[in-house]
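My questions all concern the structure below.
Chain naming follows the written order as A, B, C, D, E and F, and within any one chain the residues start at number 1.
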Amino acid sequence: MAMVDVSKKPEVFREATATGTIKLKTETIRLINQRKIAKGDTLYTAKIAGILAAKETSILIPLCHPLPLTNVEVEIRVTDKGTVQVTSTVKAKAQTGIEMEALVAAAVSLLTIWDMVKQYEKDAEGQYPLTVIENIRVAKKTKEGVSSERKRKKAQG
Amino acid sequence: MAMVDVSKKPEVFREATATGTIKLKTETIRLINQRKIAKGDTLYTAKIAGILAAKETSILIPLCHPLPLTNVEVEIRVTDKGTVQVTSTVKAKAQTGIEMEALVAAAVSLLTIWDMVKQYEKDAEGQYPLTVIENIRVAKKTKEGVSSERKRKKAQG
Amino acid sequence: MAMVDVSKKPEVFREATATGTIKLKTETIRLINQRKIAKGDTLYTAKIAGILAAKETSILIPLCHPLPLTNVEVEIRVTDKGTVQVTSTVKAKAQTGIEMEALVAAAVSLLTIWDMVKQYEKDAEGQYPLTVIENIRVAKKTKEGVSSERKRKKAQG
Amino acid sequence: MAMVDVSKKPEVFREATATGTIKLKTETIRLINQRKIAKGDTLYTAKIAGILAAKETSILIPLCHPLPLTNVEVEIRVTDKGTVQVTSTVKAKAQTGIEMEALVAAAVSLLTIWDMVKQYEKDAEGQYPLTVIENIRVAKKTKEGVSSERKRKKAQG
Amino acid sequence: MAMVDVSKKPEVFREATATGTIKLKTETIRLINQRKIAKGDTLYTAKIAGILAAKETSILIPLCHPLPLTNVEVEIRVTDKGTVQVTSTVKAKAQTGIEMEALVAAAVSLLTIWDMVKQYEKDAEGQYPLTVIENIRVAKKTKEGVSSERKRKKAQG
Amino acid sequence: MAMVDVSKKPEVFREATATGTIKLKTETIRLINQRKIAKGDTLYTAKIAGILAAKETSILIPLCHPLPLTNVEVEIRVTDKGTVQVTSTVKAKAQTGIEMEALVAAAVSLLTIWDMVKQYEKDAEGQYPLTVIENIRVAKKTKEGVSSERKRKKAQG
């Protein structure tokens, strides 16, 4: 068992985007939209938690390399399907991929949303019959000289 | 915005279980089962990452209280549907619920599985067309004097 | 050199409040009030940073004990003197005082405000001629059986 | 809300210095000067705490980038005005400014001084009528090719 | 694999002491004794590092429980055998033993001594032919109602 | 006191290897070899703990620089002398040596082994008469342009 040795790989500009959703009660969604969640601004808190978590990825995921992130961005929107969708994007010039950082940001944002709305999601027995985090994926990875090159060529047609 | 003030709540023995799954390629599942994943023992690494993360919950989730966990356990099994399922259970005598700790453990275990098998899941363009983390839920919460009392009564008939 | 040995002290309910201010340009204050700071919601971000930092006090301040905080609250308001004032309150049942936790929360909230408005505070040479954090104090400490007892008696007059 | 995207900015050698003071009782100052503070060497402990905190800046301040500091130095001196003054200097080759790292080092050093001398600063009611942290500022920021260039030109006259 | 479940164990006052040594060059020992190590006060820095590390034990050692330490003390002395000896003592009222906290404090103190004197210990090729950390042990563990009871009885004769 | 200022040093590819041993009871060694330790896979857990700790070196050792490790590897084997030997190797392109990272990895791996086998090592009084961590050393340091150059020349002989 070991980290992947990336010592000889070149530093390349990279970008990765991850997404995920949390399904909440209709009533909870309404309270979020009206900014009436008692614990605070749910989506804003979740964004900050996601950004901070991205920076701790190499402590959370045992074989991840510490990477000098140059940007982390988390966007969150309430969909019309009764879910809240998180989209996180991270950037770095690095010797290895940064999709784990994007995934960690998305996951921790989603967990933070759960924490912020706990009181509205619990039933009389203190259980969560409906609440569920779903569909955490890597939406896109690009790497200077690969995907982004390709995109530029297409754009230039 | 503020943490919930639990200063006046009694300390009660609590237990929470969370679950979640990650969908992987059939080939990756086979390699996990045969313990042939190059980066190491995928499931074992994921268990440790989950246990460690549970202990960092109050740093990751902004409004969570620091809680003195007396146990964290993470179980992982490969299902016959091409997914790996994580089940995390945490225990504490605490003034507030510990479901976030269980959820954090499950989520970080699942993310660690992703990290361990990245090379097998990526396609030729470096994307992850199939890999997805799903169905992160709280399976059960109990609290001394509530659920467990109830259970005892049922057991005594 | 050593931590103070609190092993034999009783656990007592405690509360501590700290305050501090940051002086900003009139223009920056206006942008905060209008929620037009480009990096995000300055005061909300500062509140979360303060709450998280309170929970890391025993890691930041070498001889502090790890304490089980039951509440952390950070309030921030723009004063009419061109400053932003942070008030942090922490609570715990603990064997030693929790004023350091309140002070750390206040200080990190103030530092976060600085970080959020950097671009508006810098002059043409990249310096900060005006910005200054001031007046970080412990506003009040109470301890069950001491201050709060006293207060109750006064109230009963 | 988002971190500033510094992906396209060049790495430049940077240096930042922050200062701040803590006002203490005359008696406490005397004990510090005579190295008689019971908890240990106040100024030395504060220096170490400041250096360690600088390295945790991106965890404490939500939108700060993780930066590869090449030096952190904290100097502390007792002034003749009954205050202790902290001066922290950090250096890095980085894509963005490092003044937050210097400010965090100064603030945590000052907080650590408070923690070391608590017992001498409290009054009979356990309050801190005098103790106050003041005047946390960025004393100077330089950036290769800007301030330092300018200085060199002046020096060459 | 799992943490040991200590949920049902009583909270008992505990104390643990660990020791360890580092062998250094005679010349380095002389510089430590004369407080001439260029990087700073070697022994004091090591003490603080050990105390801080004890508080992070449950993050460093995967299956350790987070424990509310009520005291950590690190003593360091230069022996007449050309070694520096670290003795760390930790205390807590806890449901499980705290020897790992004492061992972590001792080990990190010893590693910090190494870091402080690196330049004097390296040979011309940058290697460390002599430097070695040895003999990290648990010197003593006591638990209210067990060892300490026994000691009291002996004392009472 | 200060970190060593490495701002002007060139980034050079570096590698460092540290080793250390823990002496255990014959019976414990047998249980490790048969993978019958109740708490889990001792050696694997220790490897992960060591890798994670290497990444936290600059937080644990006060004057260490944060370094972008490109690889960490921990190997552990049971020797025929009743000890378990840990060998950790770290790599980075950095402005300063990375032996502290290797030493931290080795030390935390050894401490984790202790934690995993505690129950088998304790005697009837809860003491550890035999268990001891020994011989933590830097086995080798290389630096592009120095040691490795030299080695290459020798190889070309």
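As a convention for this text, contacts are C-beta pairs under 8 Å (C-beta built on N, C-alpha and C of every residue); 3 or more make two chains touch, one makes a residue touch a chain.
The model shown is predicted, which means the values in this text are computed figures rather than measured ones.
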item: Chains in simultaneous contact with chain C and chain E; value: B, D
item: Chain of greatest Cα-centre distance to chain E; value: A
item: Chain pair, E-F or A-D, that carries the greater number of C-beta contacts; value: E-F
item: Between chain F and chain C, distance of the C-alpha-averaged centres to the nearest whole Å; value: 39
item: Rounded Å distance between chain A and chain C, as computed from the means of their C-alpha atoms; value: 29
item: Multi-chain contact residues (two or more partners), chain E; value: 1-4, 40-41, 44-45, 48-49, 52, 56, 62-63, 66, 68
item: Chain-level touch network, classified as line, ring, star, complete or other; value: other
item: Residue numbers on chain A that touch chain B, as the complex places them; value: 1-4, 20, 39-41, 45, 48-49, 52-53, 56, 60-64, 97, 99-100, 103-104, 107-108, 110-112, 114-116, 118, 125-128, 131-138, 140-141, 143, 146-147
item: Parts of chain A lying in touch with chain F, wherever the complex brings them together; value: 1-7, 58-59, 62-63, 65-68, 95
item: Sites on chain E touched by chain D in the complex; value: 40-41, 44-45, 48-49, 52
item: Residues of chain D that touch chain F when the two form their complex; value: 13, 44, 47-48, 51-52, 55-56, 66, 68-74, 91-93
